[in-house]
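Next come two complexes built around chain A: one with chain B, the other with chain C.
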Partner chain A sequence: MLHAILAIAGLALVFGLILGYSAQRFRVEGDPIADQIDALLPQTQCGQCTYPGCRPYAEAIAAGEADINRCPPGGEATVLALADLLGRDPKPLEAETREKAVAVIDEQTCIGCTLCIQACPVDAIVGAAKQMHTVIEEECTGCELCLEPCPVDCIFMVPLQQDIADWRWAQPEPSPVERPRRATGDVTGKRRESA
Partner chain B sequence: MEYALILISTILVNNFVLVKFLGLCPFMGVSRKVETATGMGLATTFVLTLSAVSSYLINEYLLTPLDLEYLRTMAFILVIAAVVQFTEMVVHKTSPLLYNVLGIFLPLITTNCAVLGVALLNVQEAHGFIESALYGFGAAVGFSIVLILFSAIRERIAAADVPVPFRGSAIAMITAGLMSLAFMGFSGLVRL
Partner chain C sequence: MHLHRFHGGLKLPDHKAESTAQPLLTMGVPKYLYVPLSQHIGAPTEPLVAPGDYVSKGQRISRAKDYICAHVHAPTSGRVKEIVEHPIPHPSCLSAPCIVIESDAHDQWGDSRMPAWLDWRERDARSLRDRVRAAGIVGMGGAAFPTAAKLNPRAGTRIHTLVVNGAECEPYISCDDILMRTCPEAILEGARIVAHILGAERILFAVEDNKPEALRALTDARRADEADFIQIVSIPSIYPTGGERQLIQVLTGREVPSAGLPADLGMVCQNTGTLKAIRDAVLHGQPLISRIVTVTGPGIREPRNVEALIGTRFADLIAAAGGYAPGVDRLVMGGPMMGFAIGDDAVPVIKGTNCLLATRPQDTPAPGPVMPCIRCGECTRVCPANLLPQQLYWFAKGKDFDSVQDYGLFDCIECGCCAHVCPSNIPLVQYYRFAKQEIWGRERERQKADLARERFEFRQLRQEREEREKAERLARKKAALARKEPDQGTKTAIDGAIERARAKRDGQSTGDASSADRERADG
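What follows is the complex of A and B.
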């Protein structure tokens, strides 16, 4: 009886040791920082950052190949969170220069093909087969992914009108008084000549 | 000559899937695409050969001297579980893509009854070391061949115009039955 227990226990112990050793030997190095970045991205997989999805963008940021301000659906909040995580300075969104717009479906022309519903990464389009579709304005991130699949070209990007909900003070103008620059050879040289 | 006979016997005549009806779960589960089926076949080949050899060693040098034959099934399951875990680590390290594609079916090789079946049949037929290894390898090759053939057929069926009541698993079952029928034709080839 005892030798049976010992034999099986010894067998289990040997296998445990082998597995423990190989777990060390064949450890897979994940990239924890890419995982953390990926968790902060909105996972719309819209591709506006020019990467094929959120995960590749996260890996590119982790590798230092991409800047943190390329994610329009995430907006300013994502940039701030990424800057916080990575210890970089927050930057204005790269796409912010383009006016923020939402997709609008021309309901007269819509044939109800549902192609744009399948393309929408944030489920902002409602409708059913052979029924007209419409865009939920608050949900739309302006990613333009629905423009391409529409067979009758009835989706347009319409710039958002400013209303009381999203109105903000204008950014301050750059200060007219230039701060004195530290001695760069060119400037000081000229000054010496004139003086 | 005898070794060649063992290989032919396990691959074709006594094919584990189609003649002995062992390991049907991955046979139906992982046969949707040829690439996955190939990966699964390779992983199973590795596990089966290794577990056949190590279960032979354990039976011969641990269980038989200690008169512990009644613990055979339990000890073999322990061996198989360890070998599968080891395979999973190696696959995860060497081919993350294959690891993702195989997914849950990789740990499920543990419960593939063909693996335990090979280990127990080795004992039953009193195979030696090389015979055990060849038996396991042959069974695995037979399993892989049938799995890959079946997945290739299923890829064609997916594109074919199948009558509505037969779509999906039903036509797959019928196809597996026909393949089994065809493999029965090998039964006159070798007599062991």
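What follows is the complex of A and C.
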């Protein structure tokens, strides 16, 4: 009897020490879930989710404060990916997905105030005080954060021209005789076919 | 030679006799040629000419900037009219930049031809590959992959066999057949050159058994002492035996690994048209500026094969084949199985255009309504890549792009066998194309997002650094001020104290109390 108690107590002590040591030794810095969520977000830093950037939104999702359907630039694909990662049910997007666009500065009207340069989250606008500014198209994420600060309203969002390299085959229309999907829309139509 | 089988496949009516009844027609030079800057798989090219420039036939007019890229040459002599967006053969029916050349009707080479290398056997693989690259040659079976890159296998791979693909398995297409009938010597010479480049020990020349004339012409053209080196093999006509992987399986019984290349088995596969182009580039110094196109289908009056300059508009080609038959409603580039519909017959011939197929409504009756998948498994039975098409369909439909890749989506060659046999008329291949492009598109978007994140984080870092530096600067300034102030303060205080002490001493020594009082009041 005593042997058994001693043995169990000894084992408990050993494992307790191992666990305590590993908790200290292998402590994970930062928030790995937030990192994984951040990796799925489109990084437009547009703030349409009401958080100041993609990273804060990722942290809010990780903390359970925000829903996964608040990212219009990411669209349905991002909602599905987040649902997959977090094991939650996909939801339709809160806001409409806008057409992909880039900011263009009307260089005739620009007064060189640098306000848009300061607003751009990805440094996609070049220029200097009292010099003309311009947007680097490849770097622009289309976040629209530069529109509001411009005092002369010379920045416009121009929809991206579809070129052949970006063209994609459309998904075929589903069969008209198939059962209609649930009202929540396409995102819940994901079929979990087991292999 | 013992032949093998690949999984699945279909026996299709070949419809080749329509276009092979007429001899090959070499088209004249049209007034305007529309030469797209991008005619191949890989990066687009960079134009070397400007509107108004005179170009001679065969002059390089657009330069490859990348390794997987092919130069573009002027198909005829004339003046560059403009560089504009013009419809090109692409399933999107979108436009892309084209160099428009106005022919001067002289069709003159000038001095743009490269030196003829009749002594190619003395040259090394590298210079011959450079010649292939300089001639802008791409795979002419339809995929248009730059040939020079294909002839340069990874270091350490030994190529023992060159497979020549003369199968041409898709119905209606007969451009390779006509080429093999009309210039078998040129193809064989091209094959010898490529075998020399690769160091291959044997050439397997595969031709489907529905092309007896081509087989005979090739056998006659082969030199008597080459029977071991060049083996001409008649293979059964089963669609899609002309697929590179399927052909290798038929010839050798070995499967090219998924995500691998034929080079992993020590083999390289080349199309007959490509070999002819390589031979022209090496022996005559000519770049790739023309090709044979099959103009056929029930919607064409006189179906035939036409040798046309790159950049010739489809409308001109069709006119050369007697024009449209009444009631044409559909124009397809490529064959009926893998081709895609063209919205406008102003699009030009590119290096990968093998066939133009025009049909009338009665030839392609609507397949009937799309019905749900009943899991009959017909598609699995015919899939030449041994995949599970119905599973791929479910996953592509549900946008489950991880599972669709697990089920081998990227091994799908889009041959269309599954959709052909599907009793529910499901457009299966379109689902696979959609899924593939969606996966690529998302990959591109992810890369873009990563770049944006990097820039955003760098910006934040920079802003923090600027703040910090500003704070440090301010702190330094403050410290400097603080140091200065007590210095002067103490100095004046000390001076004042000395002054007062002196005045006090003076006052005490003189006993002038009033001056000491005044001093105190002043202080």
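Please note the rule applied: the second predicted complex is superposed on the first by the 100 of 195 C-alpha atoms of A that agree within 3 Å, B and C clash if a C-alpha of one lies under 4 Å from a C-alpha of the other, contacts with A are read in each partner's own complex, and residues count from 1 in each chain.
As a working rule, a contact is a pair of C-beta atoms (placed from the backbone, for glycine too) under 8 Å apart; a residue touches a chain by one contact, two chains touch by 3 or more.
Just so it is clear, the structure is predicted and the values come from calculations on it, not from any experiment.
What is the contact status of A:His3 with respect to chain B (first) and chain C (second): first, second, both, or neither?
first
In the overlaid three-chain picture, which partner chain does A:Phe15 touch, first (chain B) or second (chain C), both, or neither?
It touches chain B, and chain C stays clear.
On the A-aligned overlay, A:Ala170 touches which partner chain: chain B = first, chain C = second, or both, or neither?
In the superposed model, A:Ala170 contacts chain C only, not chain B.
Quick one: classify A:Gln162 as touching chain B (first), chain C (second), both or neither.
second
Between chain B and chain C, which one contacts more residues of chain A in the superposed model?
Partner with more touched residues of chain A: C.
Touch test for A:Pro56: chain B only (first), chain C only (second), both, or neither?
In the superposed model, A:Pro56 contacts neither chain B nor chain C.
If we overlay the two complexes on their shared chain A, which of chain B and chain C does A:Gln43 touch? Say first, second, both or neither.
It touches chain C, and chain B stays clear.
Quick check on the superposed pair: does A:Ala77 touch chain B, chain C, both, or neither? Answer first, second, both or neither.
In the superposition, A:Ala77 contacts chain C only.
For A:Phe26, select first, second, both or neither according to whether it touches chain B, chain C, the two together, or no partner.
Only chain B is touched by A:Phe26; chain C is not.
What part of chain A is in contact with chain B in the complex they form?
So the residues of chain A in touch with chain B come to 3-4, 7-8, 11-12, 15, 18-19, 22-23, 26-28.
Where on chain C does chain A make contact in their complex?
These residues of chain C touch chain A: 38, 88, 90-92, 94, 96, 369-372, 391, 394-400, 403, 424, 426-427, 430-431, 433-434, 437-438, 441-442, 445, 448-453, 455-456, 458-459.
Show which residues of chain B lie in contact with chain A when the two form their complex.
58, 62-63, 66, 68, 71, 74-75, 78-79, 81-82, 85-86, 89-90, 92-93, 96
Could you please specify the touching residues of chain A with respect to chain C in the complex?
Touching chain C from chain A are residues 38, 41-45, 53-54, 77, 80, 121-124, 139, 141, 162-164, 166-178, 189-193, 195.
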